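Letters A, B and C mark the chains as written, and numbering starts fresh at 1 in each.
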Amino acid sequence: MGTTVLTAPAGWMLSSALGRVLAGLLLPVALVVLWQVAAQHAWLPPQILPAPVDVWNSGADLFRTGDLQGHVAISLLRVVEGFAVGAALGLALGVAMGLSPLVEDYVRPLFTAVAQIPSLGWIPFLMMIFGIGETLKIIVIAKAAFVPMTLNTFSGLRDVPADFVEVARALRFTRWQMLTRLMLPGAVAPIFTGIRYGLTHAWLALVAVELLASSEGLGYLLVYGRQMFWLDTVIMAMVLIGVIGFMLDKGLELVERRLQRWQVTQSESVAA
Amino acid sequence: MSDKTEWSTVPRRLGRRAFATLAAASLAAPAVHAAPAAEIRIGFASIGIDNRQFAGGSAAAIAHAEGYVERELKEVPATKVSWFFFKGAGPAVNEAFATEQLDIAIQGDLPEVVGRANGLKTRQLMANGAHAPTYLAVPPDSTIAGVDDLRGKKVALFRGTNNHLAVVKLLAAHHLTERDLQVFNMDEATSSAALVANDIDAAFGNYGTLDLAARKLCKIVYSTKGDNRAFERQATVIAREAFVAANPEITQRVITAFVRAADFASQEKNREALFQIWARSGRTADTYRADFADQTLAYRNSPLIDDFFVEQYRVQAAQAKDYGLIRHPATVDGWFDTSFLHAAVKQLGLAQAWTRYDKDGNKLPAI
Amino acid sequence: MTERLRRAARGLVLPVLCLAAWEAASRSHLVDPRILPPLESVGATAATSLLHGTLAFDLLVSLARDMAGFVGGTIVGAALGILLGVSGIAERLVLPTFNGLRQIAILAWIPLISLWFGFGDTAKVMFILLSAFVPVTLNTYQGIRSTPADLREVATALRFTWLQRVTRLFVPAALPSMVTGMHLALIYSWVAAIGSEYFMTVGPGIGGLIISGRERFDMDLVLLGMLLLGIVGFAINRTASVLETRLLRWRP
């Protein structure tokens, strides 16, 4: 596999856990060092790449004035609010469609049409109707979370493994029992996937709407930085957007794992 | 010269050029051209209504609209001119300069200073569209009566343009900062739409707001005209240093064409004709009429870079730093290259056409 | 009526009701017709744009950029994905950085790309390329990583050279995954194409159409643009699904 000549360090990097972590850090650290040196010696014009130190300082300056916290807070607040609305609606619709083929028949085509238009396409239309205030942002973010949530909830309820359904029928489950013992527990994992996708999409939609129409937030910082040629601010905002997006998803991943462990113990207790 | 930018041809040319110049830039060696440029790319930090490929309000706009530059370049048939109009205004021009996709630009003071502070190698060649006012516009039924009423309001401002610096100074004079307002960064078209839709409470701007007011879609509650002269916005014809060094003859021809246009634009007898030509940008002639009201054309459209003008730029650069709009200071020393301007004025015999001012703003006797 | 027809008919009820309500609200001026123009108005605008305007051109330009970015992204993504999949060293060194960088919301890259590539189509295509190359890289990498052990053994037994391993073993094994990655890339690049038109210099394209519509308060244009976005997105998705099934059908 891969390299034919395994030198000692390479071998160590491939095998040990510590080696793996260090190897992963090698490239970014080397890049940052190279970046700093290049900026100091002006190998590239400063408009192309500001010094990493400047990026850090611009973040530190904003932090000192409290501005950074303000922008991060408003972005997070918008995401949380929009996501809550969108996920709740998505859950409701997904459950309705999943449980009732009739509802599915009526709603699915319209839902698909709405889902087909990306959030970016909705923003100008919604801007014309709702203006550029907080309402707009919540609605856009809610729509972004609503679509994956609905889809995953719906398929989670529908895609119960056939053999489980047969066993349930053999055991003569009532409709209620089908729902509470079979479909809902089975749907928990896909619903959670829907939550994760929903949050990811919500975060992406937040950036989009803040780039277009905002007076504060991380997307706003990106625009501000770009207008003023503050490349360090732009990069700092990018890093924060990446870090926060990552932490939001990682946080949910941890919750998901907890949930899976809980689910396993639940099913064990049911079986017992 | 084309009315519509040939979109089909522009992108491909720029694509190859951008890649090539990016590679060259990364070698940290300015590209030295052996032969005169086959194409001059001139850009305006503005665009017409509905993205019309026309500018207004300055001599250079006349030069473009009436083909002055093309005429001046007739004797150099190998060279053609491409005109660009940047919706993103000054900041977008800086991006174009940084990637060497533009040779000459018509740009305002703040973005020029920002570019210089960030290491862009440019040369200031002549004044163009200087001494310009800024306006505060509000929806027609708004209760906002002036700058003092803006605290906490949603205000549209195009950051990074020379409007931005003027507004920052204006706010400071009223004991306000940008943070006391809810500032939305919007270009002219967006802020016009937002004003009309009542999405924002107020907008700072120039021709866009005037045009809206002329159409009765907003009202102007404040103008820097008549207020402190320090609020005037300056603008110039600026060029990439490398381009000027490699193409002095072509640069001279372009400047001569612009000075010719400045001469036309400074004579009062041409006042109406001027507004009509500028109206090709889609803004009404009334817009320009209102903007130039109570001012002589020679004052607004003078191309001269005298001591007073340089001093204005020194002040702008210093204040940009003071207000935190630039991180590193920018000097004006060595930035202005008036040789082309002087040669043009001499060639056209226009030494008496415009007033010169000394460093303190006093009129100098005619040469 | 057969069951299928009945179900299909049910599906049409809501959309038709919505459109009827819209038309009624617009005609009766219950809602400002500038916000919700009557349907014929949208249709008329569509027809005029198509026949006398630049609609076809805008669509073509958006699609052209989309394809350019998609193809570029696929090539770069496949190359990087193969490298990461084949070389353990490359994986350990590069993958964490790649994973870190891809956390940054794609739209957040726009200011940087604008500053690096200036104006014009290059910058837009670069942005589209960036959004396309991520899923292709990931899926190619994962596809290669999950090459069945027995196939690897066969390659070792046959003493494949490095190049043969890549072309005869890894790429074919990763193909299903790669194709899925390309499907995703197609979807992402269409959205990125529109995003590039919103946030980078003005030019022809469907995104530009929508922005113009918003600036001029021409809801017809905005709705038309949205409709086209959805239709083209749907068409791309469908085509990609069909191609994916076709391409992978011959695989056991």
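In this section, a residue touches a chain if its C-beta (ideal position, glycine included) is under 8 Å from a C-beta of that chain, and two chains touch if they have at least 3 such contacts.
Bear in mind that the values here come from a model prediction, so they are computed numbers and not experimental data.
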item: Farthest chain relative to chain A (centres taken as mean CA coordinates); value: B
item: Central chain of the complex, centres being mean CA coordinates; value: C
item: Centroid spacing, where centroids are CA-atom means, of chain A and chain C in whole angstrom; value: 18
item: Rounded Å distance between chain B and chain C, as computed from the means of their C-alpha atoms; value: 38
item: Contacts with 2+ other chains: residues of chain C; value: 114-116, 214, 217
item: Per-residue overlap in chain B, given as positions that touch at least 2 other chains; value: 98, 197
item: Residue numbers of chain A (touch at least two other chains); value: 47-48, 127-128, 223, 226, 229, 231
item: In the complex with chain B, residue positions of chain A that touch it; value: 42-48, 54, 127-128, 131-133, 213-216, 220, 223-224, 226-232
item: Residues of chain A that touch chain C when the two form their complex; value: 1-4, 10, 13-14, 19-20, 23-28, 31, 47-48, 102, 105-110, 113, 116-118, 120-122, 124-125, 127-129, 203-204, 207-208, 211-212, 219, 222-223, 225-226, 229, 231, 234-235, 237-239, 241-243, 245-246
item: Touch list for chain B against partner chain A, complex; value: 25-26, 28, 91, 94, 98, 114-115, 118-120, 154, 158-160, 182-185, 194, 197-200, 325-327
item: Touching residues (chain side chain B, partner chain C) in the complex; value: 7, 10-12, 14-15, 18-19, 22, 47, 50-51, 84, 86-88, 92, 95-96, 98-99, 101, 189-190, 192-193, 196-197
item: Complex contact set, residues of chain C against chain A; value: 7, 10-15, 18, 35, 86-90, 92-97, 100-101, 103-112, 114-116, 152, 162, 190-191, 194-195, 198-199, 207, 210-211, 213-214, 217, 219, 222-223, 225-226, 229-231, 233-234, 237
